[in-house]
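Here it is, the structure, as structure tokens.
Order of writing sets the chain letters: A, B and C. Residues in each chain are counted from 1.
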Amino acid sequence: MTDTPDFGRRRRWLTDSRRTHLFAYALVVPVLLLIIGLVAYPFGFAIWVSFTDRVIGSVGKFVGLANFEYLSRNATFGAAVSNTIFLVVVTDILKLGIGLGLALLVNQQLPGRGLFRSFLMLPWAMPAFVAFLTWRVLYQPVGGGLNLVLTQTGIYPHVIDWLGQRPTAMPSVILASVWRGFPFWFISILAALQSIPKELYEAARVDGANAWQRFWMVTAPGIRQVVLVTALLSSIWTANAFEHVWLLTQGGPSDATMVFPVLAYFGMQTQRIGEAAAVSVSMMPVLIVLLIAVTAVMQRDDER
Amino acid sequence: MKSIHLSGFNRARRMVVSAAITAALMAGTSSFAIGQDQPYSGTQLTYWGGLIFSEDANQLLSDTITKWGEANGVQTEVVMINQNETVQRVSAAVESGTMPDALDLSLDLLMIMSRQNVFVPLDELYNRVGEAQGGWYGSIDLATDTTEIAGGRTGLPFGASGNLLLRRTDLLEAAGFDSAPATWEELVAQAEAVNAPPVSGLGLALSNVGDGNVQASVLQSFGGRIADDTGENVTIKSEETRTYLTWLKDAWDRGIFPPGNATWDGAGDNQVYLSGQTAFIANTGSVGIAARNDDPELYEFTAYSALPAGPIGTISPITPQVRAISATSDNQEAAMALLEHLSQPEFLREYYKLAIYGPVLQGQAEFEAFNGEDPIHSGLLDLVQKGTAPGYPDVYNSAYADFMANFIVPKMAQRVVIDGWDFDRAMDEAQAAGQAIYDKY
Amino acid sequence: MSVMKSERSMRRNSGSGASERQRMIVGRVLSYMALTIAVLLILFPIYWMVITSLKLPREIYRVPSLWPQVFTLDNYYKLLFDEGFLHPILNSLMVATTVTVVSVIFSAFAAYSMVRFRYRFKGLIGRLILFAYLTPGSLLFIPLSILMAQLGLSNSLQGLILVDLAFSVPLATWLLQGYFRGVPRELEEQGLIDGLSRMGALLRIVLPLSAPGIAAVSIFVFTGAWNELLFALVLVSSESQRTAPLALNYLITSDVLPWGPLMAGAVISSVPLMILYFVAQRFMVQGLTAGSVKG
């Protein structure tokens, strides 16, 4: 990385004057104000609300940890915890596998690879709302594309109720999320692959390493960092995402696909803002851990 | 091809624009000349209507409001809200102080929100409208009384909906069933007789949507209760509820429910019926109209009846729809005048022909819509006259409305059929979740 | 090129050019097959969206088929003319464009400041930006709608733009930081020596050199604003202010889902983005990853 500390130079830049300093602050202030006003303040407000029994139309009073205590007794909340973790881990693994595989294929010197690259990125270009509605049409037991393909090609003769039964509901949500989310992995890994110096491969070849060994000796270390950061980001996105589950199953059947954001939205629907906020807030510790991990990994990256 | 039903917002927008122009012209040219007969001249009103089935009904409502505005020098804006989102929309609007002057909403939402003094009392208007049109139906009158929680009546009923049982006569007659099932057992028997993939016999929703709450009525008709007579203590765990769950589990194990019925949204049962893949559904009647427009053959083979009975009789709650005026409105007088205008027979006579609502006032039974020619409207009239009050036999209060809004009964049903929990465990969870809700009131 | 060269040198080294060549051809064929299968699988949902939009309702619900028996543009006609879908598309275009331009300007300034200068609280500010970017929207929508009401911006595109900025600016700042780090400091110093001001160095040297990154960030922000549904749902009610996803959402009234027009709307609202991605995918790979992943 280029941002290696160089004190001599930096001192010369800094000693220039207070003007540089002011300039630096002036550049960052608009963004700072925006974040304080539109994120930090509402965020603080939401945390406060999670400690009140606020319902729509009344301000509510401070109730301490009552909302959290109520949630902890709630079976659906437990389901949301385990489902969210399961969804995040499994989609990440699948996206890694698919993204890495496709990136390796496209990274070869194949004529027409640009075309493949474009096609492979299409799911990401679809608006989430549109993408998941389309998947719902695909999963429909009646007239859904997926069942139609399976029955007409004779792969599986019976209509499968993809979203309506416990064994298939979560896998179906995962499939749709992976479909829409893998291109980010694919692009990230592809870029990392392209930044690996070709000489390293050549050297490995000269040393007599086979393809498998070259992958572990050269490719894996070269993309490790990128995969790590992508995994963290993707985890946070998936944990925060609302549309996929909402548009496909609304958390059902029973609580088979209930996740945090959907549970929070249900709290809104039943007008109990205090509880809804508590759901979101109780998700924060995990997010903060992931966040610290992202920062740490990237700082380490900077230092190298 | 006729439209299934779309919101028609383009037309509505043009109407609003033209109304605004007209109002502006009128305000500019004649505001003081006709000041006396236009007491609300120059005011602005925003109205949120609920998008309902039949685009024409939505259009008539918005046209009528616009015309009233033009005649009275009031600048009106009509926004039609998707009913799936009314709760979130109204919630956000209350919280952010952006409520419209007047709006349509369900009784459940009115009951939950009236406690927070979000709406103004309308008793005088309510009585005046009632007296002019033969009096309110008893069940409607009783159900919409919010005096205890809001110090007055906050809702002005304008239509009643509820569930009818729709059945496919072609399939059922071929199997030898000429009449509607009278009990839940008969329903299962008939459904099972015609259950042959891809047709599923029994298209009842078990999901967390309004349609899923029909299960609460089934539970109650088996003698189960949500809470005791004080309306404070949840009593859902009972032998009667166990009987209901036994019936449900038995029906489920017979494989007569359509795939996906535990995750359906509000459109799920309609869709499965319109696709010809179920013999029975419980519906407000919108499916019938959709079929009439898009699939006349299916419409031909559809018959309507009341919900089947359980051991204690039929529980078929009437669901009144109401209009209310926001307490934060600056133009409450004008809004009241508008609501009164919308309660006049001249408007409702036409409106009922297009909307799938039963009457709320006894005088309205004479309307052409209810003359017996249209089976759906006849069914709705029948429902209003013979159906049960909301919540009955339970006490209908805010806690009950909240209980329903949390879909506790369909969730309990899902625990049994989807998760395979035993009845006690499912009932215990429903009992605890329900009591937690009741304790908040 | 370098791979070709290495292939050649390899061949020389191994001395078995023919079998090496054969292996390469087999490898290529397999690669193409794998890629083709992947692309087909990936395109199937998109195919389904398109054909559903071209079907009559009866065919969608009652006699589904993999290929429409009757092609119809009814759904498009209905959506564009009966429903006036063009207006929400224009609204979306306006919101997304404004959000993109403002985000890129604000973020470029902030990112430059964060990358090039060292001052107190910089670490804190950096963390705040990252944190802001990762805060769940479902947590913020009620407080934000209250805030918008207080500012008198409820039910307006301006309010929506402001809220969208809250999510896009942290993201854009963060991505651009990564990109600016890749601009050699020496070039900038040279510019300063040549008499450019700091601002001049940013505008004349750093920004042009980061053009692919800025393109990628713009596309990313544009997509985000174009897609946004949750906040539009909460903030906007009037027809005149609806965005494309919101207008589509309004097609879903309480009972019957009009899949035909919905999928027609899906096609119309994704096609512009797909073309954009298709054309700009090279930038996306270069720019986006340089920013997001190398942080």
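Assume contacts are C-beta pairs under 8 Å (C-beta built on N, C-alpha and C of every residue); 3 or more make two chains touch, one makes a residue touch a chain.
Owing to the predicted nature of the structure, the values given are computational and were not obtained by experimental measurement.
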item	value
For chain B and chain C, chains touching each	A
Chain pair that, of all pairs, has the most C-beta pairs in contact	A-C
Most distant chain from chain A, judged by the mean position of its C-alpha atoms	B
Whole-Å gap between the CA centroids of chain A and chain B	39
Intercentroid distance (Cα basis), chain C paired with chain A, Å	15
Residues within chain C bordering two or more other chains	61-62, 142, 146, 249
Residue numbers of chain B (touch at least two other chains)	88, 95, 271, 275
For chain A, residues contacting two or more additional chains	142-143, 268, 273
Complex contacts: residues of chain B adjacent to chain A	87-88, 90-91, 94-95, 112-113, 115-118, 197-198, 207-208, 258-263, 265, 271-272, 275, 277, 402, 405-406, 411, 414-415, 418-419, 429, 432-433, 436, 440
Residues of chain B touching chain C in the complex	1, 3-13, 16, 48, 51-53, 77, 79, 81-85, 88-89, 92-93, 95-98, 266-267, 270-271, 274-276, 286-287, 290, 294-295
List of chain A residues in touch with chain B within their complex	53, 55-58, 70, 73-75, 140-143, 158-161, 163-166, 169, 249-254, 256, 268-271, 273
Residues on chain C engaged by chain A in the complex (per definition of touch)	2-4, 6, 9-10, 13, 27-28, 31-32, 34-35, 38-39, 42-46, 48-49, 52, 60-62, 64-66, 106-107, 109-110, 112-119, 125, 127-132, 134-140, 142-144, 146-147, 162-163, 165-166, 169-170, 173, 181-185, 198-199, 223, 226-227, 229-230, 245, 248-249, 259, 262-263, 265-266, 269-270, 273-274, 276-278, 281-282, 284-286, 288-290, 292-295
In the complex with chain B, residue positions of chain C that touch it	56-58, 61-62, 72, 74, 78, 81-84, 87, 141-142, 145-146, 148-149, 154-155, 233-235, 237-240, 242, 247, 249-258, 261
